[in-house]
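Here the structure comes first, spelled out in structure tokens, and everything after it is commentary.
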Amino acid sequence: MPVQSTNSASDLIRIGIVGGTGYTGAELLRILARHPRAAISVITSRSESGLSVAELFPHLRGHIDLRFTEPDSGALADCDLVFFATPNGTAMRSAPELLERGVRVIDLAADFRLRDPAVWEHWYGMPHHCPELLAEAVYGLPELNRAAVRTARLVANPGCYPTAVTLGFLPLLEARAIDPSWLVADAKSGASGAGRKVTTGLLMAEIGESFKAYSVTGHRHAPEIAQNLMQFSGVEVNLTFVPHLVPMIRGIEATLYARLADPAVDLERLYAERYAGEAFIDLMPGGHPDTRSVRGANLCRIAVARQGDTGVVVVQSVIDNLVKGAAGQAVQNMNLMFGLDESMGLESLALLP
Amino acid sequence: MPVQSTNSASDLIRIGIVGGTGYTGAELLRILARHPRAAISVITSRSESGLSVAELFPHLRGHIDLRFTEPDSGALADCDLVFFATPNGTAMRSAPELLERGVRVIDLAADFRLRDPAVWEHWYGMPHHCPELLAEAVYGLPELNRAAVRTARLVANPGCYPTAVTLGFLPLLEARAIDPSWLVADAKSGASGAGRKVTTGLLMAEIGESFKAYSVTGHRHAPEIAQNLMQFSGVEVNLTFVPHLVPMIRGIEATLYARLADPAVDLERLYAERYAGEAFIDLMPGGHPDTRSVRGANLCRIAVARQGDTGVVVVQSVIDNLVKGAAGQAVQNMNLMFGLDESMGLESLALLP
Amino acid sequence: MPVQSTNSASDLIRIGIVGGTGYTGAELLRILARHPRAAISVITSRSESGLSVAELFPHLRGHIDLRFTEPDSGALADCDLVFFATPNGTAMRSAPELLERGVRVIDLAADFRLRDPAVWEHWYGMPHHCPELLAEAVYGLPELNRAAVRTARLVANPGCYPTAVTLGFLPLLEARAIDPSWLVADAKSGASGAGRKVTTGLLMAEIGESFKAYSVTGHRHAPEIAQNLMQFSGVEVNLTFVPHLVPMIRGIEATLYARLADPAVDLERLYAERYAGEAFIDLMPGGHPDTRSVRGANLCRIAVARQGDTGVVVVQSVIDNLVKGAAGQAVQNMNLMFGLDESMGLESLALLP
Amino acid sequence: MPVQSTNSASDLIRIGIVGGTGYTGAELLRILARHPRAAISVITSRSESGLSVAELFPHLRGHIDLRFTEPDSGALADCDLVFFATPNGTAMRSAPELLERGVRVIDLAADFRLRDPAVWEHWYGMPHHCPELLAEAVYGLPELNRAAVRTARLVANPGCYPTAVTLGFLPLLEARAIDPSWLVADAKSGASGAGRKVTTGLLMAEIGESFKAYSVTGHRHAPEIAQNLMQFSGVEVNLTFVPHLVPMIRGIEATLYARLADPAVDLERLYAERYAGEAFIDLMPGGHPDTRSVRGANLCRIAVARQGDTGVVVVQSVIDNLVKGAAGQAVQNMNLMFGLDESMGLESLALLP
């Protein structure tokens, strides 16, 4: 089997990946293996050091010819860009030194997503290691912050639920078309959203053929979503957010509910104008987007609808949690940061059925 | 394999089933086969007439020794009770004559659920054949209408979504503890909820490993739910209801959202008092009920929670759509109508994992 | 919710369960909770001591009102019967003392399944603690050893694969109708067959939507099957056995291949005669039994067929690995040991769909 | 969303697809949409004529800007190549005229797979319309017939099961390393293998969470496999083939059993030598390839093993039935027929998890 063809070395972005043994790491490898400008120099894992990447992830056999190494700032410091696909609380320990040495950083975990360190510490249960970087970190949702991402040294890649919910509410809130005093986001995710953690609660025999809500009293993606919604609306927002676990592997669907401030607003037009030219947003007027239609693709499909004449708007927003909700969005950010075509390496169609 | 042991004939309720080739029919057979007082006399199916029940449903081999017959009011008229497990619009054609001849009727479809024939005709797309019976028909949700069910000749067995949503909101609305001006019910169902219809949209390769909303602009269970909520609250209710399809076979989970009228209300106590003594309601304070925990059981599990101090209440309500959402509830109604222990034949535990 | 009605205490079998936190333990509890003669006195778990059974297994809420306790031979010694639903190697440590004190024992693990301690030690990787009991232990496959089970003190409950494969080959081998020099058993199991072990390899995101073989070079159920086949055939058997993992929760299907010694043998008749009167074997001539048709039921469904005129016989054998392959068969053995109707508590129909 | 960038028109292969509404058609579209040398000119469907492709298959939105048209030999005759993704019996009616007019043809159905029209007619239940073309048709398994494919006008794309089973047995039979007097192929497929047919037997609620064999008395892929095996071994082969249905969407796993003619043969080396240089075969010595590791990829993963010293070899062979088992292999054949790099457009990695 052929290994990825290489461009001339000078064209390539030297990439390091910290913590590539989880699903977002694997997905990053899958995408970067086919990216024409990416050269993965080093991939680290404390637990799997020495193991061949292809042994852990058989779908990468013949495409990624690397072994996991011990985290080593030396090798990472020679990179142009380091992705952190680590548990929360890891990137904040290493990012300052890497930035210092001129390496750009994209953190796929939550370390740099919240502006307020006190809020972060409340939800993540640990002190923040470098709160001074929070102001500089750019929240990497290109549809919201494209210009800032282009020049960022440090990008906080959004959470999966926040991506789906924020993109769903964005046109409505920017246009002040809904009543912010109560918004409901009922979100559903496949099992890979919880990562490759070894816990009883993620066993096939526990969660197959079953459905449930979790974290009803509060989930840590809620403050991230609220921060987004308030940023672009400029108003106080009262959001109720409940996540659910779906017996499938990939995919998030968020159904969003709000009351229209102006019942006469042209919803289709509002969304069409806001997302005109966005390569990774697909609007489906009158549709019911299903998660399989974005499986493996860096795409958010959105449909917006009214239910009768009740003055209520219902938005459906679907993504692949590992792509537009994690690794794909990270590569989209990388493309922006390095002046590449934003779609480079992200052209794959969804795998359906 | 042993066939169901029989009691002395005089003790037994002679039962007819019209249209037993779908999933609710099969589930009715599964439950009645072990019911100590039920004797299935006749089961009809226009399409499968002549076929052995056990050939269509192999799990009934050795337990149900009947063949489907052509619908024949003669045989049905000799029954004490006839269940209609038919498409909408069938029971309304045969029920008047059966009632006339002293046979009691439980319709598992929607023909007698809505009080207002105009609303029924709007949502079901056909004229109602016997609107004069709508006033007499009892909506068979025992937790709401137990006394009326006991003496009913004609029971409208509730829809699956309406069962889960109504039982979830009931204590809050009866106590006027929530603001009825906007309620949200985000409901999710396994594929068996759509019945055994042969359509592309229910193929494994179409809906496996995927999740989506449907009927966002309006679903016909919405007016049924609204009718229930208004009945016991006595106030106008504005409900937004969106159903979703889960890649699993059995189970409904409904997540319900409302704003508390009195933020200080003791939610646990409210539910505990309302459902004290109910054999088929199980409250899980602080829990996240999963659909597998009611798989195959005639049970509604409910958990009620607050999300922070936002004044919003979140209710989770789970049922097996084929049991408490259809056939189990129908047998519960039968037990009440015939003066039996309400739990007779419904004692099975859920099948987990 | 009502707790199991109790008979007069003197009628009841006092039961202890050691290690009830796995799936076979949970299934044993589900079945025994509805068994008219069973009274569960004690259930032990080293890891979950103090926890309410209903908290671990929500489907048992209202049906089992016990807490896990520390293993304690005192309480167990007061039982009439102790089930071991433990990892391999546990029962052999406690069984001798219990037997000594007059308690009967059914081990759902493998400790007493193999006659030859050397073979056991090879496959299970530890020395056997009480090889002197191996001769007395009765292999609890009632269709093979019914009489011996009735009088046994110590029953080795068969493995799940060995149950399906042995029952499938039994009539052919007893009748010397096939060539024993090469038999192939290609077996497939749902994820619950691996137990409730917390390993990456059992995560939903790892094994959902995927299929694979495992243990192709040798699985420890192979010597158990071979021992069975040789016992009743009296000849040397060369078996190739390969297990596979199916992306579902419950169910085993084994497809068995052999060459007919006498191509003219009447296969249907052979099976019908061998299994006449067996309550838990269902023959489906010309059929393709699916695992769902036995889900939750104590039943082995078998179909036997020829493929063209090649002289090859193909047997399909399906069970629910947790019922006829584990807990249901254990209760069937209990019924025999205590002189009860063999079917008591095992009358439930399969849950389909 | 960007539509596929186009090359200069003269470089492109003008492609027609007949019957693109099934899963193999959709998969062909997914692959060709990203193929640098493919230009889809026309796609026909009698049932969906006029419908936009993207409406039927939402994952193709923005990538395929075509509507289904009525079958029309005029438009097809202007193509360089026509794929038939039709039910069996369709291609044989249109292929002769297209070939006449200089259009090359790849049939993804079975019309040209069997050499002997009598065998074809027996298994496919209809007379063959152009038996005179059977001798010319090249069986498009490149690993077996690469040279012939390069110059073919008419390619019979192999069946999904035959691809997995043939590639698994090929090195053993070519080397005469096994006893051909009895081979067993126990094969398992996801639901998409049965196509997008609307039948009860493919509903999620019928086949989810269940496993079964089918066609045990004979499946029409058996003569196709047998023809392959005899072609390259030159000896008579007695094959027992049983297919099974797995509750998943994509993937085939075939477990193959044979007795070694020479027990000392070096199996790993045999396979390594036979498949050296093959881009779409991946050998996994000592492994257990799972179907997910080839999901969406044009790849056959094979592991070969012995079970103890019984003289039996066990081969595991996995493919994605829609890719290497259908559309991917068809594009591989197209590449060969048009002198392109055999891997063009087929470089995607599997989607895992």
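Note that the chains are named A, B, C and D in the order they appear, and that numbering of residues resets to 1 at the start of each chain.
Note that a contact is a pair of C-beta atoms (placed from the backbone, for glycine too) under 8 Å apart; a residue touches a chain by one contact, two chains touch by 3 or more.
From a predicted model like this one, the values you see are computed outputs, not experimental measurements.
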Comparison of C-D and B-C (more C-beta pairs in contact): C-D
Chain whose mean Cα position lies farthest from subunit A: C
Whole-Å gap between the CA centroids of subunit B and subunit C: 36
Subunit A and subunit C: spacing of chain centres that average the CA atoms, whole Å: 45
Between subunit D and subunit C, distance of the C-alpha-averaged centres to the nearest whole Å: 40
Where subunit C touches two or more other chains at once, by residue number: 23, 190, 192, 205-209, 247-250, 289-290, 292-293, 295, 353
Residues of subunit D touching subunit B in the complex: 23, 190-192, 196, 198-200, 202-209, 247-249
Residues of subunit C touching subunit B in the complex: 1-2, 23, 26, 30, 33-34, 57-63, 192, 208-209, 249-250, 279-280, 282, 284, 287, 289-290, 292-297, 299, 301, 322, 343, 347-353
Contact footprint of subunit A on subunit B as seen in their complex: 182, 184, 186, 188, 190, 205-214, 216-218, 238, 240-242, 244, 246-251, 253, 255, 257, 259, 288-293, 295, 303, 305-308, 310, 312, 314, 316, 318, 353
